[in-house]
Amino acid sequence: MNWMDIVSLLRIALHAMVPITLTAVGEIVGETAGLFNIGLEGILLIGAFAGALGAEVGGPWVGFLVGLGVGAAIGLLFSVMATYWKGTQMVIGIGINLFAMGFVAFGLIQLGAPGFHAVAPAAQLTKWRTPMGAMSPVILLALVAPFVIHWFIKRTRAGLMLKAAGETPEAADVAGINVNRTRLLASTFGGALAGIAGAYMSVAWIGSVTKEISAGRGFIALATVVFSGLNPLLALLGGFIFGFFQGLAEWVKTLPSKPIPFQFVSMLPYIVTLLVVSGAIGRVRFPKALGEPYKRE
Amino acid sequence: MTENPARESRLLRGVHRTVTGLHPALESVVAAIVGLLIGAVLMYIWGFDPWKAYWALLRGAYGGSYEWASSLARGTPLILTALTFSICVRAGMFNIGAEGQMMIGAMAAVCVALFKAPVGLHLVIGLVFAAVAGALWSVVPAILKVSRGVSEVISTIMFNWIGRWLALYLAIYVIVDPMRAEKTLTVPVTARFPILVRGTDLSASIFLAVGVALVMYFLLWHTTLGYEVRAAGLNPTAARYGGIRSKRTMIVSFLLGGVTAGLAGATIAMGLPPSYAIFGGGGLPELTNLGFDGMAVAMVGRNHPIGILVAGVFFGGLNAGGRVMQFYGSNPVPLEMIRVVMGAIVLAMAIPELIRLFPAIKRQGDKLFAALRRGRDPRSKEGSA
Amino acid sequence: MNENAGPEARRGADGYLLRAEGITKIYSDGTVALKKATLEIHSHEIIGLLGENGAGKTTLTKILSGLLPPTHGRVVSPRGPVRFANPREALDFGIGMVHQHFALVGTFTTTENVALSHEKPFSLIRLAKTRERLEALMEESGLRVPLDVPVEKLAVGEQQRVEILKVLSRDVRLLILDEPTSVLTPLEVDELFALLRKLKEKGTSVILITHKLKEVQSITDRIVVLRRGEMVGDVRTAEATTERLAQLMVGKTLEGEPTAFELSAEQLPRALSASRKKEFSGEGILHVVDLVARGNTGEVTVNGVTFDVHGGEIFGIAGVEGNGQSELVECLTGLRVPVSGSATIRGTNILGKDPRQIYRLGVAHVPEDRWRLGLVLPFTLAENAILGVHRWEEFQGPFGILRRGKVYQHVRQLMDRFDIQATGPNAPAKSLSGGNQQKLIVGRELAKDPAIVVASQPTRGLDIGAAKYIRDLLIEMRDNGRAILLVSADLDEVLALADQLAIMYEGRFMTSCRPDTLNREQIGMLMGGVACKEVA
């Protein structure tokens, strides 16, 4: 492994980190308030698709806005169903995933080519030239967002309200906090971030939309949330680890000597997550009311 | 009710019980209709004719014996993966891991190609392989949950991915067809499910799916083990009071779920013509999403084995009919619409008591019931007088 | 209205802080928790709200603090009627309540918990400022708590101080404390009372909910007694005697006339004290020595209990709920592992065994919480009828197959024998009325042919008929030579049934004697923690 290999590995890792970290950080906000959204995978998919369409209409930034809007809308739908309608969060999430898989595949066919749509170069976000090679500016967002969210949860009263709504909704209620509305806002925000992450994949990173573009990143983000124990800064680290292993897998694939099948490299992040999660239980604690709708007696 | 239990009122109560007993099924039907309607709206927005499309779908799904055969064939693995999900829901847990367990099971089933055995026995060996492999893949998350408190949702999702990569590795490097690198070894004729309807995909694996569903029904509702699983799922504290060990029921339900998921993989490897092999090169296309679609089947089937059989036929029909729909007419609706409909149905199922959102229907029902009662009561008084 | 109204109540309209007028509360399930309660609160006073479980004390204060709306009646301040939509509005008005189950976020520190109910939604948390204010408040009030430790790591007494600080930091004019002393050590109680006196001097009024006679007498200015939703007394503490309070609380007015709520002859079980056995010839069945157990939050709730229950005897444990009865029962039925001590059934140790093993030794358990423990509500009647006995040979055939026929036969017998009204064996348990649910549980347990029945609150929430029926069954079992351990917060029930009576208070038995050796006053005092020798 020479110097150039390390740089390109790092570059791939940073790019792969972005969607996972953004999605995970958004989900951290949602889970802090007590909502467990297993439908992130679907939001990523639809975000990528809608973002690409938006970008082709009005340029990359419009693409991001559309991704944000669609993600927020799905996050809102999720939370309305999960709070006011008392739906089972797991089932809603599964429904969102199925719906998104079908919807994006269907939409891609309507755009012409089944399963694949290249985003017009003009609609793609220009990458910055850096000493490390071409880097997407969105990486900066992924690097900054965890710190902002961390600060938000730790330092603002809104963050306290989120935590209270997820941990002890009864106490939050006594303190005059509208639990359902708090959860609604948190989930909408989380959906918006996942939508941005989706738009990033099509508009600023891969440059195309496929029906498998999310490739399980929504689930990886969920695992990252577990790994992080709801700490956004650790989610940044987790996202980077996943990105790193993804880069490593890509890199091993290109090695002529094939020291280890790349499937095993691809497996590593999940195994690492399982080990970390199994070891971390007891240390890491999730909100007591996570996944439970709140009803006043 | 404290009133005189005359025969008429008993009859009335019987009718009432039947209607309320059908309530869950009714909810599934309402959810299916809501899902189909959402699909229709989307089709309309995208410029398709939804009614034509649904007509084609209906005919493609249940229009004749060929169509029925392919619907049942599509439904077979879904019934099995749906059972995986629903057994664990009955035990109070979310097992998202059918996808990975099913893939590992399929790979284990392919291993029968490595040796020779007589017809029948060869098939059974393959099924045992698949069942054991699925169960092993399933029991680890269960043990992690019982011993370390790891959420089964997270661990089964992780196991899905590890399982998928492991299956890909096995398909590409270990049990690969030496002639054709893109696929696994072909399951030999001695270990295949016989085809039931010539020219279709329908193999005897449908009997396996139905049989397993019936066994699961019997197990859950007619054995003490099933009784314990359901009690622990519905009220863990009461189960503990009743001397039921909930850790045991958790592990048992995951093992059973792994078995059915493994068998689902086997029905593909050993029962899907023409290849009787798994294509590792294309990323396991014939297996991908069977586990996730199974969850939709389980929900519409109300997590009841018999309901799952019906839902399996419905979803199998959607898939089979969708294949016809995508070639029908001048502006055919792509097959992918089917999954949109599935997603919408699951979303509709997620809302508890969706039916409650249709108060008008309920009011009519209540009125009818009240009218029946008014009509009955005076006569019952006459009879007793 | 209220003839017992204290002198302050007549002091004039302008002298009060808050007045509850004719408050009636009917819960959605039809329970009448409060009947036309009227209470006037003045500044500079500590009011003791005294009563048994279910007397309506907590309901009244929840209405005052904005957590519940009254069904009828209103709350009036000198500036007119007030209506609080939620606790925060009540706090803004100056009424703060410390609930029995604390409304604290466990993972938050003290400072964060206080900040939560203070700041504007989109402000930064000024923890430093909150901290400063808290430190000043701690200095002033003498309530010391660690500020930077998650409150769940604090002892219960400390958590209570956090709750009080949270309320005090809002400059309340009325502080309501719901059973505050039940989680405190005697020293902590003294500290709390010192604080309350200090608050009173500064003009804050206090409502203290309690069932402890001694405490209420030592600190309050005025005592309001509630009994089954009705105000039965409003007396100046200086004029109240322990005996009189005990009488008011447990059901005799000063004049000695029986209240409407005492069990009338028809309500009492058919086998009354006449058939009560004087001597216990039955064999010793349950033998408990020095049992010590901790509650869910880690504090010692059963503190060295020793007793024996014989065949043909009803051993009744009375006392206000939360004094360790639940934990004691859980230890004896395998649902809780005790800290120390021993318990045997006919010489076989039962501690630390799981429920299934204990049932095999001949224990039947009627649990206090029907819905959480006793029944799997979505299950059918038939399925519930075999909970705990489902693995018996009678019901389990080869390969673990459930013998449906036998199960139906069994449930039909139960329905006949125990008069369970239901549409059939396949009716879901949740469709049954409370009385029939309880009959199902009692029937199931009695059908085990047990050597001992552990019955915890067996008639709670039942109508008179169902309650009587279940009491009759317990007596029938006793007369058949079984041992019965009856735990009930319903004093009348225990007095009517028990051959041997123990009164539990703070994890200990205050006394263990024949019920007819004590009069009601003495029992009331024992329930309130006043020891026997003091009574005499």
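Going by the order they are written in, the chains are A, B and C; count residues from 1 in each one.
By our rule, a contact is a pair of C-beta atoms (placed from the backbone, for glycine too) under 8 Å apart; a residue touches a chain by one contact, two chains touch by 3 or more.
Predicted model, so just to flag it, every value in this text is computed and none were measured.
Colleague: Between A-B and A-C, name the chain pair that shares the greater number of C-beta pairs in contact.
Modeller: Counting C-beta pairs in contact for A-B and A-C gives the edge to A-B.
Colleague: Would you mind checking which chain's C-alpha centre is most distant from the centre of subunit A?
Modeller: Measuring from the centre of subunit A, the most distant chain centre belongs to C.
Colleague: Express in whole angstrom the distance between the two chain centres, defined as the mean CA positions of subunit A and subunit C.
Modeller: Inter-chain centre distance comes to 48 Å.
Colleague: So, what's the distance in Å between the C-alpha centres of subunit B and subunit A?
Modeller: Here the centre of subunit B sits 29 Å away from the centre of subunit A.
Colleague: For subunit C, jot down the residues that touch at least 2 other chains.
Modeller: none
Colleague: Applying the document's contact rule, which stretches of subunit B touch subunit C when the two form their complex?
Modeller: 13, 17, 221-228, 230-231, 234-235, 237-245
Colleague: Touching subunit C in the complex: which residues of subunit A?
Modeller: It comes out as residues 155-161, 163-164, 167-168, 170-177, 285, 288.
Colleague: Going by the contact rule at the top, pick out the subunit C residues touching subunit A in the complex.
Modeller: Of all residues in subunit C, those touching subunit A are 67, 86-89, 91, 99, 102-108, 112, 115-117, 119-125.
Colleague: Can you tell me which positions in subunit B touch subunit A when the two form their complex?
Modeller: It is residues 42, 46, 94, 96, 144, 148-151, 153-155, 157-162, 165-166, 168-169, 172-173, 289, 292-293, 295-296, 299, 334, 336-352 of subunit B that touch subunit A.
Colleague: Over in the complex, which subunit A residues touch subunit B? Could you list them?
Modeller: Residues 36, 38, 42, 81, 85-88, 90-92, 94-103, 105-106, 109-110, 114, 211, 216, 219-220, 222-223, 226, 261, 263-264, 266-267, 270-271, 273-274, 277-278, 281-282.
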